[in-house]
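Here subunit A shows up in two complexes: once beside subunit B, once beside subunit C.
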Partner chain A sequence: MNQVTKSEEETDEVYEPSAATQLFTVWRKLKASKLAVFGGGIVLAVILIAIFGVFVTPYDPGEMWVHKPLSPPFSEAILGADQWGRDMLSLLVLGARVSLYVGFSAVLLEAAIGLTVGMIAGYFGGLIDEVLMRITDVVLTLPTLMLLIIAVSMFQIGGLHVIILVSGLLGWPFLARVVRSEFLTLKEATFVEAARSVGVSNWRIITRHILPNAMASVIVLLTMDIPWYIFYEASLTFLGFGDPTAASWGILMEKGRPFLGTEGWWIATFPGLAILITSLGFNLFGDGLRDALDVTTRAR
Partner chain B sequence: MTLVTYTIRRLIIIVPTFFLISLIIFSLIHLAPGDPITLMMAMNPARVNQTVIDELIIEYGLDQPIFVQYLIWVGKMLRGDLGYSYVWNAPVIKLISVKTPRTLELMIIVQVMSLIVAVILGVVSAVKQYSLTDALTKLGALIGYSAPSFWLGLIGILVFAQQLDWLPASGLRTLGETFPTIFHVWFDHFKHLILPASILSFGWMAYLLRLVRSSMLEALRSDYILTARAKGLSERVVIYKHALRNALLPVVTYEGYAVGFLLGGAAVIESVFTWPGLGSFMVEVATKRDYSTLMGLSMIITLMVLLSNLIADLSYAIVDPRIRYE
Partner chain C sequence: MNEPLLNIKNLYTYFLIPEGVVRAVDNVNLKIGKEEVLGLVGESGCGKSTTALSIMRLIREPGQIVGGEVWFNGRDLLKLKEKQMRKVRGAEISMIFQNPMDSMNPVFTVGNQISEAIKLHQNAQKREIKKKVEEILYKVGIPNPSERMKDYPHEYSGGMAQRAMIAMALSCNPKLLIADEPTTSLDVTIQAQILELMKALRRDFGASILLIGHDLGVISELSDKIAVMYAGKVVEHANLADLFQKPMHPYTQALLKCIPKLDEDMETFHIIRGTVPDLIKPPTGCRYHPRCEHAMKICSEQVPLLTEVNKTHAVGCHLYDSDSDPNRQRS
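On to the complex of A and B.
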């Protein structure tokens, strides 16, 4: 694989592969890794379930007494029923929607802040870089879960959005550092100098010339950060700080906890398994993507 | 840059960080809807009467503008006065000092356990890359950082406490039992510690393991290893003396994040296992919205995190002199 990358670099001067060709190369490498395909498959499945699942499930997830309460899995309900006779499968499907909503929204916020800070710091350097990086260092040391607990317990309304907002606002420093270091190297590249010499504006150099080249590490990092946000939401909900109106996997686990050792072990077990499978999917896919895109950064 | 100037520089950075965090915590708590006094009354109607309220208003300067309130709070904090909890009817500092040893004990065990396992498995898995051991280790690590810790905790309770009945499900000691000797007490305490410590270290171990493995792989590929082998050194000396020493450098930085990571994890795990440490206390305090305790406790936790980061930075500078010339 090393050999391939090297020869590609060598031909870079004369032959610029089109975006489609590059995408195809990534796809080919990704396909070669079974684990990455497996992870990608899980991610795709969970996304599809989150979007379309609720239209297919046999029961309304909110409807009580559709089954005998606490019916075990593989009886009248495929994955059993909870203490109020709700269908577990339908509840899990709805939970996917909440978890992915949190994961993707928070990661978008992280990307918005992290990219902006990293690009500005790396491209302009000097004092502005120094200031931005000190701020990044400070945010990096903030204990995220603690601040989340404080924020969520203080603002008792709109729990889900407080979680998204606070975790996204605290999650960007690592991304900013990575983007900055990419920009530091790339701004010295010949193609940037060439662009500058023909009078291309800073904005255009940043967004059109450097950013696309830094995107690989950004995408890998963001993919592997999504499970974190899902964890945060689930943990907070489990601890009792969640949004009682959002039917998330964390809430199911909190409600199922008293039944764990006795007559309903599946209520808390299945949502946890769902989280495990989802984050496994994102992590495997991210790992595979890293290899396919030739990124050297470590996830946090 | 010498080590002394480096230390001073790191210390100077800590001060604004600390104040910034105090400002964030203060504003989070004060900008939120609901005011502390009404809440204190609701929580403890017997203790809080009009005289107490008037005293509180003066003590915390609640009739003053918000930045004056902040300054009053910071001033008190710097003098070691973290306030008084009207929910627990005790000074905050006293509450914290009772809980801290429980969390420290948990964290030390977790650290030692994760470090030992991560280094051993990381080295084996790097030296025997692509072997079955390597594959299994990678799989274990993958599950370790993909599984939510509280869920693992629940499963642990289900399996080891309720089904197999090997270990106690929660708490600090077996209640209502008398032990003949102090060793029985220790053993009982240790039994209660096993489950929460193992679950908490599983996630952290997975990160450390991945780090040790990748930095070990990198070290094994470097030129000085080739030189060492060319000199005819035994494989054991090459791996443990030459490669491992260098591979462990990044672990030192990671250890700095450990306290922050583990304190977050402790909040969850301590709650699952009702372990009476700082983490479960934090959750309890936040649930009861006990403002003064919440502010004091979060500042103490912040301080712990900042100090551990500082220690990690300094140890890194000591073990790797290059960092000081950055």
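On to the complex of A and C.
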């Protein structure tokens, strides 16, 4: 014991790797996978564009007649202009902001509901589990797109937020099931019993002992769900039920639809590509994250 | 003897499953004195671990403590509220488990987990806690504890992990340590080390130990007294020496025969024929009688009571019934 006190360093919390160290470990492992880095790069780029892009775009995305209407890509404007002569590049940049806003907000809502339901159902089991899972089944059977259309038609204002709210409220059942199944397995683990045997409370076991073990699959699932919400918003908007005041990628596609086969193919194609690339990025990143978050695998 | 530290009186723990009621612990009485080590021995499925978990009140659905009292340090643990019980767990009674690698949370460092136990029960500054964690890891023989505490459980070997678990269990100076097969999953050389460690710590910490195991040889290394359990009941209870010199219950005798001896030229190992009975429908009378070499007529009819032969030795077997009844001829 005395030998130990000699080597005692005068720093706190060395026994607990700081959040930074843990992040670094995840980063090291993430870096080892080329696809994950590629996906992560796309995600990061899209996020940066969404936040800062509007400050550096060459034109005001809302301003018409800055180019000749329907000028093709690589002519007057890099990515061409739409039917009103607005700059496509500037529109896409603004669209990134709207579409990511939809994706992230809806996923936060999904996480809040899905985690709560899954944790309670999985940990406590019994009647609570039964009731919650039946509710989950019911929500899972609801036709999302139809309900979205109904909801958007019912509320005339705030269309974008109605879309976020409804798709988030309908999107949690799968997450809840995953979390529940993780909790069902993990609550039987010896380390949970060991935690209980040193006097840890239920709440602390749920949040501090089981949840971190389930977090890997949760984060992966949520990452991969973000593009889904972007899809929902885009499809809805493409069908004409979108929020005309929000310049999302979906709106751009909808406005470009009449020109698809004719003189303005790029108007709908570029926002489509943007959605495609973004969702690819999130999926690759999520996949890499799954491996990186597992503490038992080492970085190569 | 003065007041024992732990006194289990008529404990019944049943599992209520669709197939019926599993009488895993059926009227068990045990006492552990201060600084005493009680070995609890029996085959798998005899209710040893259930007894341990009942003391900690960690029995989960569909299990249920149906009756009895668990007196610990002047309180009946079964009457405590869950919140009070949480203060007992870890601080006054702590537990180590069979598989150390599974007993630690894979996503937290070893130091973090031990410090959690200390944080829960003691008011201490972060620096003090860190120092305590280091000290206790050093005591259980983890080399270079200030570095190793930053490791994750999977970076430990089985023996090291069990040492760390022991450190965690002892971190709040509990009065009673329940060790549920602490060496079963370790290989033999490590087993010996862990037993040595527990012997040394027993002197240092002065805690009582309930040592659970199926191997009489291992259990006898550490125990002062031994209770032998069979099918949810204690069948024999004696001082270590007594038990080895004159085992009385046929099951104890059989268990003792099962320990391989170096000085004997053995062709085969001794085994006890049959298996532990289904505890939903345990055999009538003495639960051991279907496997017993000395089974008599009465054995299938009457449950033998655990009766004291002398002050330190009790046995529950009709062979030692004092009154001679003509029915009790050996069959």
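One rule holds for everything that comes next: the second predicted complex is superposed on the first by the 262 of 300 C-alpha atoms of A that agree within 3 Å, B and C clash if a C-alpha of one lies under 4 Å from a C-alpha of the other, contacts with A are read in each partner's own complex, and residues count from 1 in each chain.
We adopt the following convention: a contact is a pair of C-beta atoms (placed from the backbone, for glycine too) under 8 Å apart; a residue touches a chain by one contact, two chains touch by 3 or more.
Model, not experiment: these values are computed from the prediction.
**Q** Based on the superposed arrangement, let me know which partner A:Val200 touches: subunit B (first), subunit C (second), both, or neither?
**A** Second partner only, subunit C.
**Q** Answer with first, second, both or neither: which of subunit B and subunit C does A:Met88 touch in the superposed model?
**A** neither
**Q** I'd like to know which partner A:Phe191 touches here: subunit B for first, subunit C for second, both or neither.
**A** After superposition on chain A, A:Phe191 lies in contact with subunit C alone.
**Q** Specify the partner with more touching residues on subunit A, choosing between subunit B and subunit C.
**A** So, of the two partners, B touches more residues of subunit A.
**Q** Look at A:Pro212 in the shared chain and tell me whether it touches subunit B only, subunit C only, both, or neither; answer first, second, both or neither.
**A** second
**Q** Of the partners subunit B and subunit C, which touch A:Ala121 in the superposed model: first, second, both, neither?
**A** After superposing on A, A:Ala121 lies clear of both subunit B and subunit C.
**Q** After superposition on the shared chain, which partner residues are touched by A:Ala292: those of subunit B (first), subunit C (second), both, or neither?
**A** neither
**Q** Enumerate the residues of subunit A that count as touching subunit B in its complex and touching subunit C in the other.
**A** The overlap between the subunit B and subunit C interfaces on subunit A is empty, containing no residue.
**Q** Could you please specify the touching residues of subunit C with respect to subunit A in the complex?
**A** Going by the criterion above, the answer is residues 56, 58, 61, 86-91, 94-95, 97, 99, 102-109, 111-112, 115-117, 120-121, 126-127, 130-131, 133-135, 138-139, 145-146, 149-150, 152, 154, 165, 168-169, 172.
**Q** With touch defined as at the start, can you tell me which subunit B residues reach subunit A in the complex?
**A** Going by the criterion above, the answer is residues 13, 16-17, 20-21, 24-25, 28-29, 32-33, 142-143, 145-151, 154-155, 157-158, 161-162, 211, 214, 260, 263-265, 267-268, 271, 282-283, 286-287, 289, 294, 298, 301-302, 305-306, 309.
**Q** Touching subunit B in the complex: which residues of subunit A?
**A** Within the complex, subunit A contacts subunit B at residues 134, 137-138, 141-147, 149-157, 227, 231, 234-235, 238-241, 253, 257, 260-261, 265, 268-269, 271-273, 275-276, 279-280, 283-284, 298.
**Q** In their shared complex, at which residues does subunit A touch subunit C?
**A** 1, 3-5, 7-9, 12-17, 125-126, 189-191, 193-201, 208-209, 212-213, 295-296
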